[in-house]
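Dropping the structures in below, format is structure tokens.
What follows is a pair of complexes built around chain A, which joins chain B in one and chain C in the other.
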Partner chain A sequence: MKHNTRNVYLIPYVLWIVLFVVAPILLILYYSFFDIEGQWTIANYKKFFTPIYLKMTFSSFWYAFLITVFSLLIAYPTAYLLTKTKHKQLWLLLIILPTWVNLLLKVYAFLGIFGTYGLANAVLEALGVGTKQILFTDFSFVFVSVYIFIPFMVLPIFNALEELNPSLVDAARDLGASAWTTFRRVVFPLTIDGVKAGCQAVFIPALSLFMITRLIAGNRVITLGTAIEEHFLVTQDWGMGATIAVFLIIAMAIVVIITGNRK
Partner chain B sequence: MSKDVIIRFEHVTKQYDGLVVLDDVSFEIERGKFYTLLGPSGCGKTTILRLIAGFIEPTKGTIYFNGKNINHVPANKRQVNTVFQDYALFPHLNVFENVAFGLRVKKMKYADIQEKVAEALRFVNLEGYEHREIREMSGGQRQRVAIARAIVNEPEVLLLDEPLSALDLKLRTEMQYELRELQRRLGITFIFVTHDQEEALAMSDQIFVLHKGKIQQSGTPKDIYDEPVNRFVADFIGESNILPGTMIADFLVEFAGKRFECVDQGFYPNEPVEVVIRPEDLEITTRDQGKLQVRVDSQLFRGVHYELCCYDQHGNEWLVHSTKKAEVGEEIGLYFEPEAIHVMRVSEAQEVSDGEGSDET
Partner chain C sequence: MKKLVQLFAAVFVTAFALMYIAFHLNKAEGYSGHHTLTIYNWGDYIDPKLIKKFEKQTGMKVIYQTFDSNEAMMAKIAQGGTTFDVAVPSEYAVSKMKEEGLLVPLDHSKLPNLKYINPRFLHLSFDPNNTYSVPYFWGTVGIVYNRDMLGGKKITSWNDLWDKDLRNQILLVDGAREVIGMGLNSLHYSLNDTNKAHLREAKRKLDTLTPNIKAIVGDEIKMLIANEEAAVGVVWSGDAAEMIAENEKLDYVVPKEGSNLWFDNMVIPKTAKNIEGAHQFINFMLDPKNAAQNAEYVGYSTPNEKALEYLPKEITDDKRFYPDFTSIGNLEVYENLGKRMLAYYNELFLEFKMHRK
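Moving on, here comes the complex of A and B:
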């Protein structure tokens, strides 16, 4: 009896999952087997394994990797400093605050800053470097993406560091470990779950970025995300778009499994 | 033989945001002895250990180690190891790697590490537990891993922050013997923290009694038990009857409305004092044979002895430990030797002597 009542509470959740998660994925899978004329085919899958799409997949992974690595390199020290400051909750809030601002607004702000007559070029000019093409480069794309994703990396790492028992650090020092050894052998291994969670939260969305890519990188960077967008909105080849999406979903699942062996 | 001082605190004060946790503490630790810091919760025991280990620096004053000022020497450069109050074992490493941590940091050869770890684990009766994870160990076993992890480094000084508090009575007594034995065998200095006075009395060469960030008294267990300098120490170390009294002259003290012969001297005539008599120094006799007459108010059987709570006609409470039984409500006599009376200056209760005050013996 008790078991049944509990299942009743699960109904809304299950409905939600089925309608908005399972059904769309099945739909994508279904569409991936049709060509542009609406004929059943597996040609889309064959096409995916041609050099163009493989290169696109590779560059998606490469950029997602870069974005994750830079986010981690910046976020870990930030989170660490944050745990040592007095008003850590306030500082944390300030770091999270930008995530409440609409993504498009932030990206447009960077268009202004990185533009030919923007702040960045004004600074370069003043330093005597001269005006540079900053927008529509790999650099600006990675930079803006890292900026966008950093809060998602800081938060789980901050939480992991907060949970770390400070006397473990004392114990390592007591046993003769230098600050660096303490970090390498105690602090980092014990906050690895936070790092994994942060990497997941950054790598997976970074894999399918398309809006930042379009606006900041222009046509310089072509990733799976931009390819899907193009197939659905421009060439109307839904079948191919869906096929790429299937591979993207598989890739994400693999990433989750690799980084996901948390207790 | 001159004293071989390894650690010296000179007027050390520690404050946290203006809150004084240690108040102008001075003392000396001699090499190769077993010291105990004894005091109630929050009195600053752990703080002293943290200062010695180097996790915190004194707000004022100086700490010397082998004659050198070590105020600013970081923890990893000190010849000191700690057994932490909460064990602080590394949860991501197994027992072997926890114990091996310090040796690995020193880049010792693996074969030597194996040998030393095995030896340390043997000492704490944890042979064969090398490959256990920490979360698979019981509280008492964890404490023993923590002890092994510290002693394996052969420090000059070992700091132990209530290392036996999680053990059951039997294992605890056993470990007390073994720790004491280990200390003698290794010849290293132990600084042991406890709030259990019996443990302190049983194990130490020297005890520091702490209260509110000050050392109330330091001395051998016998000194501290027999000659508490103030009310706090008398109360904290064992149970005692503490009464107001007057020192009439040398070897003569008045309390509970009567005069008694005693062994104390050197007080001003008619100086107000506090008198301490330990419950086990009181003997039950008949009303007429007793030096004091009291009425038994309650009686508890404590295993080895009966604990009687009695009142005299002035309303003073008397705690008596006796192997003899009495009847509740009965009038009995209490007999005690002159040596059982310990006289304390009242002023010492407020103005306590610190480290230097221990040379009265």
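Moving on, here comes the complex of A and C:
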């Protein structure tokens, strides 16, 4: 009897996973085998291995890599300093706060800030550098993406640092390790799980970014996400869109396995 | 467990009770059946006073809902579950909806005001006998430019865009047919060209334009050009009219090589519940006085010949938005090229976007 009730409680979770995780992935896989006229084909997969899509895949990975690296470079020191501050929770809240604002609104704000007559150029002008084109460049694309992803990198690293037993750091220092050695040999290895989680939380969504590529990069940066959006909404070539999605899912799975815990 | 079941049951019962009450409230207010008319149109694309006038004239209650892309509108109508009585798709969407059986044929005997439409805007390739659609507004694709930023230089043709002085000054609208079409037109090919060699040639020509292109953007283009972020933009005439209203240094030109002529059309989708009312509404909008009032409010060009008499001269004499058709070489309407050809256009467009400076 007891056994039965336990299974009943399992039903919602199983249903959830089947309906919202397994079924959509299978559907994507299914659609990827149809061409634009609904004929069964594997042409989509052949097409993916043409230079245009390979180039797109490469550029997606390259930009996602840049975004992750810069996010990490900024987020780790931030998280580290956060653990040293007095009002940790308040500072953390301030970092998380921007995520409460709709993504599109934040991106639109940058259109104004980075514009020819925007704030950024006004500052450059005042500094005597002169007006530069900031909007619609690789720089603005990476900058805005990093800005958007930073909270997702800070949080797991902050948690990992919080869990770090401070007596280990004290022990390292007592045994004569320099600050840098302590960080390199003790702090960083012990928080590597947080770093990995953060990198996953940034790299994976960064691979399939699409709105920012149009609004901030003016379609000068084309990622796989842009191509999927285009195929589903404009071309109505669901097959090709699904095929790209299949490769994205595979790529993400590889990323998760590489950065996963091998305990 | 029992509590869980009770909770679910309670939620379901409440939900159904609320639905029942809402249904009756709607009925009492006349939100269903023959006393209401649901219109599905682009945002800010009708004079609200006309809706009031129509309601007063017919005693019907009008519900006005909006969409922002043909694709979104078609998806919503295809899904069903809606009761749109009149919709306003663009011409290529009309032919697509026609193919997919999403439209109800119009009863021309109920649309006597159709006679006021300029014959040049009737019997077009996307709906040869106007069986399903009636033109609402029309326009062109062209170039909007900032006179001051160009220092008095005039732009009259597509090929002017390849000028070396325009480096990093051009914004393009994010549409495959508009951009590839621009390449085709600049080579004096048809906008509906399906010869792949011509299309590839157009794409190669567009690649050489890359140094001049600042960005390829969506609706933001209106704001960006009005704010002088770039000097030149390739846009739809309606958007150009809006930009000019905001920034008077701007000017609009239909390039002399030719360009696209587009139409937004009134149709009755399959979802219609009040077909009689829908005809009344379409006929009401075709009335010359109403059409003129609407054109003045929206700022687009009306296909209603008689309505031009009711519009101020400075609007109808503006050659930018009411061009003299004899002076412009070839204005073409987009034909439905079929999914495969369209996919090819999009592929070329994607390749063009990926071409780096």
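Keep this in mind: the second predicted complex is superposed on the first by the 260 of 263 C-alpha atoms of A that agree within 3 Å, B and C clash if a C-alpha of one lies under 4 Å from a C-alpha of the other, contacts with A are read in each partner's own complex, and residues count from 1 in each chain.
By definition in this document, a contact is a pair of C-beta atoms (placed from the backbone, for glycine too) under 8 Å apart; a residue touches a chain by one contact, two chains touch by 3 or more.
Owing to the predicted nature of the structure, the values given are computational and were not obtained by experimental measurement.
Visitor: With both complexes overlaid on chain A, does A:Leu215 touch chain B (first), chain C (second), both or neither?
Guide: In the superposed model, A:Leu215 contacts chain C only, not chain B.
Visitor: Counting only touches as set out at the top, which of chain B and chain C does A:Thr5 meet: first, second, both, neither?
Guide: Only chain C; A:Thr5 stays clear of chain B.
Visitor: Just to be sure I read the superposition right, which of the two partners does A:Gln39 touch: chain B = first, chain C = second, or both, or neither?
Guide: neither
Visitor: Go through the superposed model and pick first if A:Ser167 touches only chain B, second if only chain C, both, or neither.
Guide: first
Visitor: After lining up the shared chain so the two structures overlap, which partner does A:Thr235 touch, if you call chain B first and chain C second: first, second, both or neither?
Guide: The second partner, chain C, only.
Visitor: Touch check for A:Ala227: first (chain B), second (chain C), both, or neither?
Guide: Once the two structures are laid over each other on A, A:Ala227 reaches chain C alone.
Visitor: More residues of chain A are touched by which partner: chain B or chain C?
Guide: C
Visitor: May I ask you to decide whether A:Val186 touches chain B, chain C, both, or neither, giving the answer as first, second, both or neither?
Guide: The answer is first: A:Val186 touches chain B but not chain C.
Visitor: Please give the residue numbers of chain B that touch chain A in the complex, ascending.
Guide: Within the complex, chain B touches chain A at residues 50, 53-55, 74-76, 80-82, 84, 86, 88-92, 101-102, 105-106, 149, 153.
Visitor: Over in the complex, which chain C residues touch chain A? Could you list them?
Guide: Residues of chain C touching chain A: 1, 69, 71, 168, 171, 174, 176, 214-218, 220, 223-224, 227-229, 339-340, 342-343, 346-347, 350-351, 353-354, 356.
Visitor: Okay, in this complex, where on chain A does chain B touch?
Guide: Of all residues in chain A, those touching chain B are 165, 167-168, 170-178, 181, 185-186, 189-190.
Visitor: Contact residues on chain A for chain C in the complex?
Guide: By the definition above, chain A touches chain C via 5, 8, 36-37, 52, 55-56, 59, 111, 115-117, 133, 135-136, 214-215, 217-220, 222, 227, 230, 233-237.
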